[in-house]
Structures are given as C-alpha cells and as structure tokens.
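Here come two complexes built around chain A, the first alongside chain B, the second alongside chain C.
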Partner chain A sequence: MSRRVFLGIFGNEEDILAATRAAREAGYKISDVYTPHAVHGLDAALGLRRSRLPWICFLAGLTGAVLKVWFEFWTTMVDWPVNVGGKPWNSLPAFVPVTFEVMVLSAGVTTLFAFLVVARLWPGHKPALPQPGITDDRFVLALEEADAAFDAARVRRLLEKFHVVEVEEHLQEEAA
Partner chain B sequence: MTSEQFDLTPAPQTVGLFRAFAALGGLTVLLGLFLAPQRMWPDLLFGSYALLCLGLAGLFFVALQYVSGASWSVALRRVPEAMAATLPVGAAGLAVILLVKPSLWPWLGMSWQAAEGYLGFKRVWLSQGFFLARSAVYLAVWLAFALAIVRTSRQQDASGAPELTRRNIRLSTAFVIIFSLTFCLASSDWIMSLEPKWYSTIFGVYNFAGLFTSGLAAMALLVVWLQRTGALKHSVTRDHLQDLGTLILAFSTFWAYIWFSQYMLIWYANLPEETIYFIRRAHGYWKTLFLLNFIINWVVPFLALLPRGNKRNPRVLVTISIVVLLGRALDLYLMILPPFSGAQPVFGIWEAGVLLGTVGLFALVVLRALRQAPLVPIGDPFLPESLHYHA
Partner chain C sequence: MADLPVVLRPSLIEGNKSLAQVTRDVCGGLEGKPTPLWWAGFLISFSVLIVGIAAVTYEILTGVGTWGVNRTVGWAVPITCFVFWIGIGHAGTLISAILYLLRQRWRTSVNRSAEAMTIFAVICAGIFPVVHLGRPWLAYWLFPYPNTRGTLWVNFRSPLVWDAFAIGTYFTISLLFWYLGLIPDLATVRDVARPGPRQRFAALFSLGWNGSARTWQRYEVVYLLLAGLATPLVVSVHTIVSWDFATAVIPGWHSTIFPPYFVAGAIFSGLAMVLTLMLIARKTMRLEQYITIRHVEVMCKLVIATSGMVALAYATEYFTALYSANPYELFAFLNRARGPFAWTYWTMVSCNVLVPQLLWSKRLRTNTLVVFVISILINVGMWFERFVIIVTSLHRDYLPSSWSTYSPTPIELATLAGSFGLFFTCFLLFVRFLPVIAIAEVKGVLKDGWLKPEARRPVPWVREPAGAEVLTYKSAAEGVQQ
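After this line comes the complex of A and B, so read on.
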C-alpha cells in the first residue's frame, strides 16, 4: 500500500516552525520534518513526546551495577575467596570502581543500541527519505493524507501563509 | 533597556530576618569567645571558611563563564558576582583567627623535639611565619581578582565596550589557574593541618568539589528567589534553571567521586597514620554523620536532579539546593570539628549561633552587593544571546 505525502519546502527555520505549529493545530497528520540542522523548538511545535531513552539509560545502568555487585560478592565470597591484605571477603569499597565502570558501560552501550533501534538505523536499512537530498539545504514539512477530508488546495493555502517555496506531492511506499 | 528596570528592593521583613540572624551570630561569637573559647574558635573557623568558600565559588563561576565563552549565564551573572562580595567578610574572620588564636593549629609553637615524626618538608612548611605569610598571599590575591573582575563587569554596564569582555577573559584565565593552585594549598593549610600528622594529596580537590557544588546551590537559591520576587522575572527562564540544576548534579557527583577516591585509597592501604582520620570519623555518632554526609551531598541530589523536569522546576531546585547547602555545612563540620570535640560530636547553642550568623551575614552582604549594580549586566554583548537561551 502506498500513501500520499505533501512536501512543503521552506527557506528558513522561522517559517518551518510556524508552519509546523499551524499544521498541527489545524489537525493535519505530520509524517515528519526534515531540516539541515537542529531547529530549537521544533519538538514542541511537532508536539513530540519526550524521548524515553533516559529511562532505558537509567534502568540499564542500574541493572549493570546490581549485577556487577552481585558478581563480585559471588566471586570473592562464594566461588573463589582470596585473602587480600586481611580485608573481609565482602569488601564493598573495593567493588565500587569496577561497579561504576560496568554501570557506565552497560548504560552507554544499551542506550546507543536502543537509539539505533528506535531511529531505525540498523545496517542495511534503506533511508526513508521522500526525496534524496532533502536534508541538504531545505526545510521540509511532510504532511500525510490521513483521511478523505484531506484537501490538497487547503493544505497549499495554509502553507502559503508561511512563505512556502514549493509544494510537492509524493507517493510513498508504506514501510513494512 | 534601562538600568532602573533591574533595581532590587527586597522586602523589609527579609532584610530584618537576616539582620536578626547576623546579630544573633555576632552575639554568639562574642559571648562564646569568653564563655566557651575552646568551642567558639573552631566554630569561627567553620563560619569564616564557609563564607570564604561561597565567595570563591561565585568568583570562580564568573571566571569559568568568561574562560569558556559561555553566553547562557550572562543574564544571571550578577548573582555570582554579588556572592564574591562575601570574600572580604570570610577573609576578615579568618584573619582574626590567624592573628589572635594561631594555636588553633596544634603544630604551631610545637618544639622541635615534639615535632618528632614530622618529615623535614613539613617542618619547614608548617612554621608560623611562613604559614601566616602564605595565608596573607592567598587572601590578597583572591580579593584583588574579585575586585578587578567585578569592577570590569560593572564598567561594561555603562559603556558596553567589548574590550571589557576581553579584559575579563584575560583576568579570568589568570584567576582560574592561580585559584586552582592557591585554593589547594590554602585548604591544606587551614583545614588539613588541624590534624598535622594526617595527610591526603586529594584534599584540595575534595575541598574544591564541595566549594563549587555548594556555591552553585547558593546561586540557584538566589536566582529562584530573584525570579520569584520579580527582579529577574523576564531575564531568567526555566532553561537557565535547568542548566544550574545540571551543574549541581554534575558537581555533586564530582564531589562523591573525590570523596570516595580519598576514602578508598586510605581504606585499601590501611596505613595507621592515614586511617586515623577516618577512624575518628567513622565511630560512634560520628559514623551516623559520616554516612549522612554522603547521602545528602550525593545520593539525594543525584536521584532528585536526574529527571529533566525536576531541574526545570523551581520548587525542586530550591529544595535540593537547601539539602546541598546543609550537606556542605555537615561536610565542613566533619572536616573541622572532630579533632576539637573528641569522641562524640557536639552541636549546641554556639554551633547553631555561628551557623545562623553565617547565613545572615551571607544574605546581607549579597543583597547589598546586588543593589550596587543593575541586576542584569545590561552592557554585556552576549546578553541578548543569554535572554533567548534554550537548554
């Protein structure tokens, strides 16, 4: 199945911010916004949820730290007790540096891979750009035709209020 | 923009409250020096050093912004600049102790025979004349930098000359380098040498970590208060608060890292002359305070400030800043008081009075300094960038 996408191409970031806000308020389904650089306030204009990656980072760090402490207790007390300088077997202070490193490693690597999955950036994945080169030097708002009430002329009028440079219609293959 | 827009008129009750605090503190000190000198002198060192550190934290923050070319903080820079005004007050308190009661440092006046076991270097380093001369140099250098940097910043209000920013960048670069060396030495001289046989090479860094975390917390309190009462209403946003919260989170964690580094190496090596410091602090009721210190200086701020929303929430930021400042007081208490109060910690009217006095004096001095210049550095070329800052 394919879907119809309208691309509004803008010349600067103020216009795309205002157009994005207006399109969302008018109830259009925004499939994405493409910009050559990070635009402040675009997340809010798009009405995006906060990313949940920090939670993944926190939980992965916590899991890594807990597992590491358990592992160190197990190795030094249960499996192979070694007397180091007359210290007790379960010497927590000695475990802290390694626990800290494992926590950072576990949190960092998990967050990286979680991000790659969420952003669909795994190897061999084809970029889902409506046009090649769309992120080079233009600010593009992609609106999706979501239902029968979608009126191409009205969309064009809305975008023209924000000095749209060009409006293109585009058929996009539905991502599986 | 005119400078009148940014004038500060604190409520008379606020000023009255802090005047009462300061007066109460002053009275406690005067009475204590006669009635309980053995407790008052260490308490006075606690108060003076705390004030001095808050002033240094303000000045170091300003210098750091200039050196790193940061523009986000320009809108709130007058707050750390005003904090630097507490430097002379802390310095005066310390000077009184150094001149009137140098025997607070137990090695002073010790005979060469009694000094047995001290390395040759320590004998030279810890001699009264050299010690006093060093202290004078530290204080004079910091005061000179504070004066120069704050004055240059205020000059810019009228002229707006970018040359003044460049001058402050040069001054700040010199200050950051000199401060890092002198503060490490000063904290070792004034605090570590209270227990002269003990030593820790990370002590200066540890003191810096506490200084900067608590300085940021004090800044956050002042900024939220100024924003609430209207003076900084339109110039400081939640994005600025988020950055302050992030810095508190980062430096609290830095403090914990250094705290643990100091503890772990001494625990691991287990040398009697080093462990004595922690044995004294990790037994009896001291142990409760010792653990509490770590919890309120790191565990609480770390967990509370992790979520983005909390860093942007003035109420959370204020609560955590108060926790961090209490943590700083406890940290200093644990550094300074144990050799004087012996087996169990003491906290009574003298300590409470000095604590109140320190808070009152800090607030009064900062409020006075805040009123000496427009609350926003209106001549700074980076001000517009700071006003439109997004975290």
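After this line comes the complex of A and C, so read on.
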C-alpha cells in the first residue's frame, strides 16, 4: 500500500500558522509541519499535547538533590566522620551549595538527553526531510490522505487561500 | 498607507533580510577564505597561547616557587585570573538564559557568541586553581570517589569543594545549552554547506534534525528549562566563588556583601567583554546588519546599570568598615586606598565607576571606537578589582610581623597572558567554524521573513540544499505506483 501525501510549501510563518489551523479545522490529517525556526502558536494550531519533559526535569533534579543530601550525610556522619574545626556532623546548611549544584547538573543533563531520545536525534541519524530547504526558508505542511472523502482539488484551494508557494503530491510507501 | 505614522519599533535586524539571506549571510561567512585580519588575530593569540603553555609547563615541572606568591600573599595573580575569567563567563549566561526568560528578543544576534565566550572563559578560569594546586595531577582529589586512603571523603563543608562542584556544573550546563542552540543551525549548515569535512561534521552533530513542529515544541521546552536552570546556577556559581573569600577571617574578605557584590561585578565585567567581542566580530565578520548599533546601545545601558551596582558595593564596603568600628577592617580599607597598592585601587575605581559614566551620552555610546576603548578599560578595571580584593587584603592582615608585599614574576604574567591567548584562540576558531549568529533564532525575530525569489539566487559558495536526503517521500511524478 502507498498513501498520498500533500506538501504545502509556504514562505512565512503567518501563512503556515493560518494554513495549519485551517487544515486542522477542515478535518485533514496533518502528518507534520516543518519550519526553519520555532513558530510560536504552531503547537496550539496542531493541537499538540504539552511536552512532559518538565516532569523529567523536575524528577531528575529531585532525585539528584535527594541522593546528594543522603551522600553528604553518609560520608560525613556515617562512613568516616572527620572532625573539621569542631563543626557538627550534621552540617545541613553547609551541604546546601553542593546539593544545589548536583540538582541542577542532574536535571539539566537528564532533560537534554531525554529530549534527544524522544525527538529521535542522535549522531549519524539521517534527516527525514520531506523537502530540501526546510532548514533554510521553507515552511512545509504535510497532509495525509486519510480516507476516501479526501479531495485533492479542495486541498489545493484551501492551501491557496494562505499564499501557498507550491503544492507537491507525493506517494509515500507504507512501512511494511 | 504610506503616510501612516510608524508606531512599530524598528526591526532588530537591519537590511530588510529574507530568511534565505540570513542563512547565506551567516553560513557564507564560514565558507570563504579567512580574512587577513582573522589570520593576524589568530597568529597573535596562538603565539601568546604558546608562551602561556611554556610558562605553565615550566611552573608544573619546577613548582609554585616560580611564582611571586609567598606565605602571606598566598593567592595572587593566578586566583585573580580565576575570578576574572569566571566573571567573564557570567555575562554569556546572562544574555543567553536570563534575557531569554525576560523575553528580550534583541539577544538573538549576540547570544551564540556570548555563550561561546562563557565556555572559553570557564576553560580559562578552570586552569588557574588546578595549576595553583602545585600538584595538578592530583586535581581529581577534589571530587569524592572511593579511594585507597580508607575512602577519605572530601569535606563537604569547605567552599573550595563547593567551588569544584559549582564550576564543573556550570561548565557542563553551559556547554549543553550552547550545543542545544547549535543543533538547528548545524542542520542548516549541513543542508547548505559545500560537500566536504565541514558538511560531514555538521551532518554528524546536527543529529538528523529536520525542523518538525513536534521537535521544535520539545526543543523550546528544553531550552526554557535549561535557561531556568542556568539562571540560578550563574548566581550560585559566583556566590560560591565569593564564599571562597567571605568564609575566611581576613579583614576585607569576611563580609556578607560579597555574594551580590561578586555577582554584579561578574556580570559587569562579562558585559564589557561581550561588547569587546561583539565589536570585533561585527567588524571582522561583516555582521553590522545583525549586530547593530542598537545592540551596542542596549549593552552599554546594561553596562551603566551594572557599573552603578558595583559602585554601590564599593561604597557599602567602605561604609560597613567605618560603621563596624573594627580597627582591622578600617585599616584594610584605608590601606587599599592609601597603601602600597593604592594605584591598583584607583585604577579599579576609575575604570569601573568613572569611565562607564561616559556611556550616558548617546553620542559616545553609538560611537563603536569609544565603546570599544571603554569596554577594554572596564576589563582592565575588573581585573584590578579582583587583584585589589585578593592582594591588598592578604598582604597586611592582623600581625604586622607577617606583613609582606607581592609582585608577580614573569612566569605568572606569562600565564596571565597565556589565558588571554587561549581565550582568543578558541574564540577565533569558533567564529571560523561554527555559525556565529544563532540562525534559527534570528529568523524567528525577522519581522518580514517572506520567501523572496530573488533571495534564492544561487550564491557561488553556498550549494542549494538539494543534496539533503529525501527519505520516505517519493515523487509522484516519478511514477511510483502501487
């Protein structure tokens, strides 16, 4: 099986934003939108769910901080208590700076790597660019033919309302 | 229409650029041969770096006795350089993270180079404490790890240990933040660079970025999270650096004003360094339309503000010394202004408090030559601020019998020069090999990013991005049918 994919190529962010919104309202299945820079409001226009990466960040930071506090208590009170200038074993205020640094480190590093994993970015990964020039100046809206009611001429008319530069029709091989 | 009053603010980027022009302006700068100015700068910096490497090698092979430090003035030029370089780095984080959180969109032209500056400055800073250890090959003792000394752990109550963690975290997070911002731009380089090592390098490190809206959404979230983490981090790092001093009982160091005083000073000196680099980059890389006079002006205003904070800190220190009625504290401050190192103190005051006041004048702060000279003077002044704090406080403390003086040896001065050599060598390599302007971010702030057909004219040094692999999608025109 193969399915048809329509690529609407736009020249600026206002057009792609409006076209995406209109295509979604008209009930077309949007496989993805590709832009050279982050377009604000595009996630809302696409109805994308909020990213859950902040939770990963929060949990990683919390885990890092808790482990570090435990580690500081364990090394200074349990494993080998060393009397430094008569300071108490339990020096919680003095443990705060390192705990903070470790929290930031673990939250930041984990979030970045979690992003690379969920966004499927890794060294040597071949980019799946539906259209050359996306990283340059082209905004591409990819619509999929989802059902028999799909009418290519209507899609074209819809996209033309938003100053589409070019509409391309592709056949995409369905993954076996 | 034409006679409507213009109420919008002028565009941040001059020259009414199209998106394609931004790509070509930034990526084109990477393709051609380096300018003679670049070669001159690189060769000078690299030679100075070699001198620095020789000095550090000699010092490590011989010992810290090759320096002018003594039992009274145990910290001098090397620790001055450490604090100076860390401070330089902080303005990079201010521009990349804090101004991002404050939605200051003008930052997009300068944030890439400011972040690069942060990374190189932290590298320069990190060298000094390690070399200062005397036995730098044991630097890893600063970190807790299971060892054969019965597993003797580090003392987590010591600011020097906090410092090791703070600098390590700061470097790592700054590097990741910088790299995250580079990924979309490396993808642009991948798609437009001439085939060759540069294109392959960009392809490898752009991780298969394809500009999908879902990826952009996550990217923005991660960018915001890292900015949110980096903002308190930068405050914590210089706070901890100031605690290296403030937890000691030396008059002139033992003061609660140190954390805010150091953070303000760090950002002040870093902004001056950003200005220096910005003015060099816009001239040598012909980026006048991206780094505009407006950017220079905004930076100058930040310099005036932070200069005021630093001046307030100087005044508060004096007031506290006077008001405390502590004879040692009072002496330390009078000694700064009237003792043997008075010239360093007055250099500091004139460069940091008096000179920046010139920037109140619009005529002066729009003159790039004047701004360049002022930014250099502030760098000098801020280096002397750390020298004053460290050396004048140490050289005469409680016991007159242990008073001493200090003068740096040529080895120390060569190490100081070498750190500048390292910094500028790294920076010049960066402007040659990586996009010096955050392409994707600048595109986001172009007011009129229309696809202009004439802007897509093939440019000799930029290949049309036809070589980008078109995966999964097959053209219907080719007759691929089920």
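The criterion applied here is as follows: the second predicted complex is superposed on the first by the 166 of 176 C-alpha atoms of A that agree within 3 Å, B and C clash if a C-alpha of one lies under 4 Å from a C-alpha of the other, contacts with A are read in each partner's own complex, and residues count from 1 in each chain.
Methods note: contacts are C-beta pairs under 8 Å (C-beta built on N, C-alpha and C of every residue); 3 or more make two chains touch, one makes a residue touch a chain.
Since this is a predicted model, take the numbers as computed values, not measurements.
When both complexes are overlaid on chain A, chain B and chain C end up clashing with each other. Partner contacting the larger number of chain A residues, of chain B and chain C: C. Once the two complexes are laid over each other on the shared chain, residue contacts for A:41 go to chain B alone; chain C is not touched.
In the overlay built on the shared chain, the residue A:97 is in contact with chain B and with chain C. In the superposition on chain A, no contact is made by A:27 with either chain B or chain C. Once the two complexes are overlaid on the shared chain, A:130 sits against chain C while remaining clear of chain B. Chain A uses residues 54, 94, 97 to touch chain B in one structure and chain C in the other. Residues 1-2, 4-5, 7, 10-13, 32-39, 42-43, 46, 48, 51, 53-54, 57, 61, 71-72, 75-76, 79-80, 82, 84, 87, 91, 94-95, 97-98, 100-102, 104-105, 107-109, 111-112, 115-116, 118-138, 165, 168-173 of chain A are the ones that touch chain C when the two sit in their complex.
Contact residues on chain A toward chain B in their complex (touch as defined above): 40-41, 50, 54, 58, 85, 93-94, 96-97. Those residues of chain C lying in contact with chain A across their complex are 18-20, 23, 144, 150-159, 161-162, 165-166, 168-169, 172-173, 176-177, 180, 183-184, 187-188, 190-192, 204-222, 225-226, 229-230, 232-233, 236, 240, 243, 440-441, 443-444, 448-451, 455-456, 464-476, 480-482. Contacts from chain B toward chain A in the complex involve residues 260, 263-264, 267-268, 270, 306-308, 390.
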